[in-house]
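Both complexes shown next keep chain A, but they swap its partner, so chain B is in the first and chain C is in the second.
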Partner chain A sequence: MVLFLIASGLSLIFGVTRVVNFAHGSFYMLAAYLAYTLAGALPLGGASFYVAVALAALAVGAVGTLVEIVLLRRVYRAPELYQLLLTFALVLVVSDVVKLVWGSENKTGPSAPGLTGAVRVAGQLVPTYDLALIALGPCVAAALWWLFYRTRWGVLIRAATLDREMVALLGVDQARLFTGVFALGSLLAGLAGALQLPRVALTTVMDAAIITEAFVVVVVGGMGSVPGALLAAVVIGVIDAFGVLLLPRASLVLTFVVMAAVLVVRPWGLMGRPEAQGRSAGGTIIAGREVAVPRALIVGLAALLLAIPPLLPTFYVWVLVEILAFALFAASLHLLMGTGGMVSFGHAAAFGMGAYGAALLVRWATAPMLLALAAAPLAAAATAVVIGFFCVRLSSIYFAMLTLAFAQIAYAIAHQWYDVTGGDNGLLGIWPARWLASPVRYYYLALAASGAGLAVLAVAGRAPFGLTLRAARDHPRRAEAVGIDVRAHQWLAFVVAGFFGGLAGGIFVFLKGSVFPESLAVAVSVEPLVMVLLGGVQSLAGAPVGAALYKLLDTVVTRYTEYWQLVLGVILVAIVLVFPRGILGTLGARGRG
Partner chain B sequence: MLELADVHAVYGPSHVLHGVSLRVGDGEVVSLLGRNGAGKSTTLKAIVGVVEVTAGDIRFEGRSLRGVPTHRVARLGIGLVPEDRRIFADLTVLDNLAVGARPDSGWTLPRVFDLFPKLAELARRRGGSLSGGEQQMLTIARTLMTGPRVLLLDEPSEGLAPVVVQAFAGNVAALKRQGVAILMAEQNLKFARRLADRAYVIEKGEIRFEGTMAALDADVSLRRAYLSV
Partner chain C sequence: MSPRRTLVALAAVVVLGAAALGAAQTTIRIGEINSFSGIGAPFTGPYWNGVQLAIDEVNARGGVLGKKLDVLKRDDKGQPAEAVKHAQELVASEQVVLIAGTFLSNVGLAVSDWAKQNKTLFVAAEPLTEALTWSKGHDHVVRVRPNTYEQGRMLAEKAGKLKYTKWATIGPNYEYGKRAWETFRDRMKELKPDVQVVEERWPALGKIDAGIEVGAILAKNPEALYVSLFGSDWITFVREAKKRGLFDRMFVVGILLGEPEYIDPLGLEAPEGMLVTGYPWYDIAAPAHKDFVARFTKKYDKNPVLGSLVGYITYLSIVDAIRKAGSTETDKLVAAFRGLKVDTPIGPISYRASDGQSTMGAWVGTTKLDAKRGVGIVVNHEYVPGDNVLPSDDEVKKLRSGS
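Then we have the complex of A and B:
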């Protein structure tokens, strides 16, 4: 039921504002910690727990409202994805604020006074508190139903979910509506978090855990549909419970398999409906014209990259290699989201499959390093053939979510197939061949691979293939009408992007000498997204620019403070507010006057 | 009451206005005629701020509307009834009407049902389940609930059966009698002729004719050149 609370809030926010709120899990976590402190501090005896829950939920609702008014409202006119970038920045900030205030150790909350026992239900002991939560679910659902179907505000919300512009044409102020929705959504997330206090230990990673699960519920139920969220929360809850009993080793995979299956059969979720406008995945992100980067600049930069590394301290050479890997990774994503208009939330699948492909070859076939490196893109491309086959059938946010689901399946496999992948412990000792092991030599290898990859991507973007993709992005129906097989081209783009994403993963694995399931995690999918948006999605050059900036920021900030996420988050917020079209995009727009 | 002076606007690559000027007086019914893509819809959208005006000015009762957000324009008393009707399909007829309702608008449910008696019978039906003609009534009724003093109708007769158009023309005439000024974009000259006092003809984002309906009727070559009749 906690899942329902958080998912309905998330769904609501998306339905009305079209913001995919990554920070929703952070609100949840924040409320849990707030409730923890309040429950301990309030001098109200048995009642303090309940008062603390209510206060924490309200406080988080207030935080959400503030975030909407102060930050999100400024970027509603910017492309939708920049709102996403903003909420991602909030995730970083809240995560570190929690660490800063409450520390990194796990905390165990008090139990709920009056609901401490357990009841025997069908031979199983079930905590009374859990039963109370289960009972609370339908109450909240009923309250929401009343709000949506019996008040004018609810009518406005439902109308705005269907057609925002029409609502404005009828004289309704969207900004206030959005604020209200955000407040309600955050309140629900806060309530969910605070109510978890007696059930789970508080950790600083509980935001990431819940947000993925909430996304699954929202997508399975249908984005924007609260009844759908209820249905899906029950379905996913049951699957979770039985999954642990039946297939303990595949429990993580199961939910995502279900999500993928639902999306393949009903691309808009169980109770959602197809997008009215039939927009492609990119939405309005590619508003601006392409920004041309002077050739001289590229040549100069290449010369610099060739000349300078031998003069640098080893540490910076490693940083450069990492930037090269991520520049290629981000550029491969750019082919999908920039040129193709398909925003992937699961590009980590390419990166991680490349990394694991190479590492597994070295580990189990003792393959020579270069062969393994060459296998990385192939492994990723092969995976992309399968994933892409399903994903290109969907558009918009559902495409993004299905890619996320597949990436999560890959993550779960890497995590739980202990015998082959080493599970949590990862695969260690995946080093480059001896003659390439020196930092500078490995740097040149990475430069060659990454440079070649970028060059191919640049050519592909301008070739008829890239132009065809753009046509499919801007107007799929017209593209089809002139005889373009839209799906086939998008599928091919997916495979090409997978190929180069895998190459990036290959470079990365030999840089680090190891690979962990984290290389397939959501964070790795989000990073290139942030990089592309940071640099500017209009131009391929934005990807390496964004990658360099992001990694440099990361490196510099990490040196000075352990709270690097906080600083990075604040910088990201600032960048989004100052450069709402990405750095190259905004500079380009200024240049044109 | 509503006046456009040399309005330029860009909406996507193919919808452009090059200096449109027109005027709607108190209680007047004015038609804006032109072919598909001539700029009729873009003109109406520019008035309500859905399309950004790049030059020129739009004044409503002496007040400039440039840069005013859409919902404010609506509250000032300009109601756009969009071409594709845009009924909230999942909402009931009553809920559709509730979205636009304003207590101070002078338009209540009984008054709207008086004009469109059919809607009263359909009150609890889902908007998406109505026929084209019924949706056309609903979309106008919904905008009326906001209490507009100028109604902008975008191709109101499009896609309706001739019989329905007849009945609908009666509704518009009734509105006119109640003092609501109307600017309607139309391709259907016959429909416009029945209702409008004056007409503008627009082509490629520029006004090519301005005058009474009678003057337009007299000018055969103009009608041949800019209207597909």
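Then we have the complex of A and C:
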């Protein structure tokens, strides 16, 4: 039921504001820690715990409100995806704030006074606290139902979920509506977090543990649907319970398999409705004109990249190689999300499959390094053919979440298939051939591969293929009406993006010498997303700019402080506020303006 | 940024880098890579305290080879690829003489493989995987802490003397959990051929559904349970297990679970009567150790945990190796570590020539609540040196030829 609480808040926020709120898990974590401190500090005896839960939920609701007013409101006019970047920055900040205030040691919260025992239900001992939570779920659902169906505010919320442009046209103050929704959503996340105190350990990574699962529940239920979230939370809970018993080794991915199955059958979730418009996870990408980067600048930069490495200290050469890999990785994602309007939360699948494809060839076929590197994009593209087949049938957040599901399934396979992939101990000894092993030589190989990939992506974006993708992105129905096979084009784009994402993974694996399931993790999917947005989603050139900026910031900040998340998060917030359309997007808009 | 400005900026980087290179080295630099953020964060802070204590003491005595030690600390964020990046930086830009640290097994393996490729010495502090020194072992890696195999075996030697034959296990769905169990189980079957396994549970790391897991274990009615959960999974499991009376119904063995890292956060919710490996810092009689605890507590105003001791011993070992080598050249350090003897607060340990594994042991004992301090402690404990449970040099040779 805790899952229902957090998911309903998330669903509500997305439904109305279209903000993909990565920070929702952070609110949950923050409330848990706040309640922990309050429960220990309040002098109310047995009631302390319950008062602490309520206070923590309210406090986090207030924090959410503040975030909406102070930060999100400033970027509503930017393409909606930029709010995602902002919430990602918040995740980083909150994580380190919690670490600073409460320390990183695990903590055990108090039990709920009066609800510490267990009763026998159908032969099984069930803790009374769990029963109380189960009872609380429908109560909260009923309260929300009353709010949505019996108050004017609720009517507006429902209307905005269906068609918020129309609501705005009717003269409803959107800003206040959004603030209210954000407050309520954060409050629900806070309540969920605080109520976990008697059940789980407090850790500084509990935000990441809950957020993906909450998204799964939201998507299975249908974005914006609170009854859907309730139904999905129950369904996922039950399937999890049986799955853990029947297929224990599949417990890593069970929820994702369920989600994939639901989305293939019901592309809008169990109780969701097709959206009035919009294709990408964060709503439509208002593309405008592509920002033109002067050719002289590109040529100059290329010359610099060719000339400078032998003069650089070794470590900076390694950093440049990493940037090159991620520039290509981000650019391949740009083809999907920028040109194609398909935001993927699972692009790590391409990167990881490329890395594993090369590593497996080296490990099991002792393939020469260049052959293995060449196989990386092919392995990723082959995977993308399969994943794309299912995913391009969906749109918006459902597309994004299905890609995430497939990436998670790939992660689980890499993690579990010990005999082949080495499981969590990974594959070691994947180093470049001897004649390419020196940093500068490997750099030139990476530069050639990444440069060629970027060039092909640039050409593809301007070719009829890219233009067709844009047509399909901006108006799928009209595109179909003029005889374009939208799905086929999107599928092809998915495969091409997979191919170059895989090449990036190949470059990366020989840089690091080893590969682990982490290369398929959610964080690896989020990184290129952040890079593309940082650079500017309007133009392919934004991807390498974002990659370079992000990697350099990360490298420098991590080098000097343990609290890199806090520093990096604050810098990202500042960048988003100053460049609300990404670096190139904002510069381009200013240039034209 | 215009190309010209970029060029100027890059040129500045080059000049600064060269200047740093040119500066005379008056200290011995050591690179420390560890998971100061992410999943390892709860355990690496106290480890770092131990490292600093060792470094401060050594430097106060004038350092080693007439130079002071300078430890450069980098955060791998719990990611192997990130750790490799730091290794590249520390060796290429900072000229560290060796790399030390790491907590997570996969990070340890990634750094170890990098060290092998780049002929740099890696002194692994805490990663537990056996692969590090055996199947993936090489000349350029040594490890301080007793590995999964050793600790599983220590527990089996004790548990094998008890009456229980019907066993179940629960552990994280990771190599660590699997190997912790397999080593224990295999030794148990040697000691007690009638041991049978009625249930194995492998919840995903960090995502345990504890209520369901407890129910599944209770349903099979085992006489004893072997647990390799740790961190937040273990806390969550304890809470659900207590509500359902699991600890009253079976004998529980827990690998690592007597370490303050894992038992302290539970406070008075820690289960009593468990057979565990741990670190009873409050109850080790050796004067050298008492003194270590006093110095640690004085400096940090908190008690040491096992990681603190490991951090301290790791850097003591590094200092002794440099002294023995009389040099900071990698080849000489590698040679010095083979068979190196180190006097530690818990007595002498040595680094085996065959695999680089230290002979540091662990304490095996029974958990009990200490109402005064408000935490669980380990009583009736016995220190088992690594030598008692480590495989012979011949067996190591076989293990290492596998890859």
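The working rule: the second predicted complex is superposed on the first by the 579 of 593 C-alpha atoms of A that agree within 3 Å, B and C clash if a C-alpha of one lies under 4 Å from a C-alpha of the other, contacts with A are read in each partner's own complex, and residues count from 1 in each chain.
In the analysis below, a contact is a pair of C-beta atoms (placed from the backbone, for glycine too) under 8 Å apart; a residue touches a chain by one contact, two chains touch by 3 or more.
Being a predicted model, the structure only gives us computed values, none of them experimental.
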**Message:** Under the superposition described at the top, does placing chain B and chain C together on chain A give a clash or a fit?
**Reply:** fit
**Request:** Tell me which partner A:Glu518 touches in the superposition: chain B (first), chain C (second), both or neither.
**Result:** second
**Request:** Please work out whether A:Gly423 is in contact with chain B alone, chain C alone, both, or neither, and reply first, second, both or neither.
**Result:** second
**Request:** Check whether A:Leu297 is in contact with chain B, with chain C, with both or with neither, and answer first, second, both or neither.
**Result:** second
**Asked** What is the contact status of A:Lys99 with respect to chain B (first) and chain C (second): first, second, both, or neither?
**Response** second
**Item:** Which superposed partner A:Thr314 touches (first chain B, second chain C, both, neither)
**Value:** second
**Request:** Consider the C-alpha centres of chain B and chain C from the C-alpha centre of chain A, and write down the angle between them to the nearest 10 degrees.
**Result:** 160
**Asked** What is the contact status of A:Val155 with respect to chain B (first) and chain C (second): first, second, both, or neither?
**Response** first
**Asked** If you stack the two complexes on chain A, which partner ends up touching A:Gln174: first (chain B), second (chain C), both, or neither?
**Response** first
**Overlay on shared chain A, then closest C-alpha pair between chain B and chain C (Å)** = 33
**Request:** Enumerate the residues of chain A that count as touching chain B in its complex and touching chain C in the other.
**Result:** none
**Prompt:** Contact residues on chain C for chain A in the complex?
**Reply:** 2-3, 6-7, 10, 13-14, 17-18, 21, 36-39, 41-42, 45, 74-75, 77, 79-82, 84-85, 88-89, 92-93, 105-106, 109-110, 112-114, 116-117, 129, 131, 136, 173-175, 200-204, 206-207, 209, 211-213, 215-216, 218, 231-236, 239-240, 243-245, 264-267, 269
**Message:** Quick check on the complex: what are the chain A residues that touch chain C?
**Reply:** 96, 99, 103-108, 111, 116-118, 124-125, 127, 129-130, 198-206, 209, 240-241, 244-245, 248-249, 251-252, 297, 300-301, 304, 308, 311-316, 318-319, 322, 415-416, 418, 423-426, 428-429, 431, 439, 508, 511-514, 516, 518-519, 555, 558-559, 562, 564-565
**Asked** In the complex formed with chain A, which residues of chain B make contact?
**Response** 48, 50, 69-71, 74-75, 79-80, 82, 86, 88-91, 95-96, 98-102, 142-143, 145-146
**Asked** Which chain A residues qualify as touching chain B in the complex?
**Response** 152, 155-156, 158-159, 162-163, 165-174
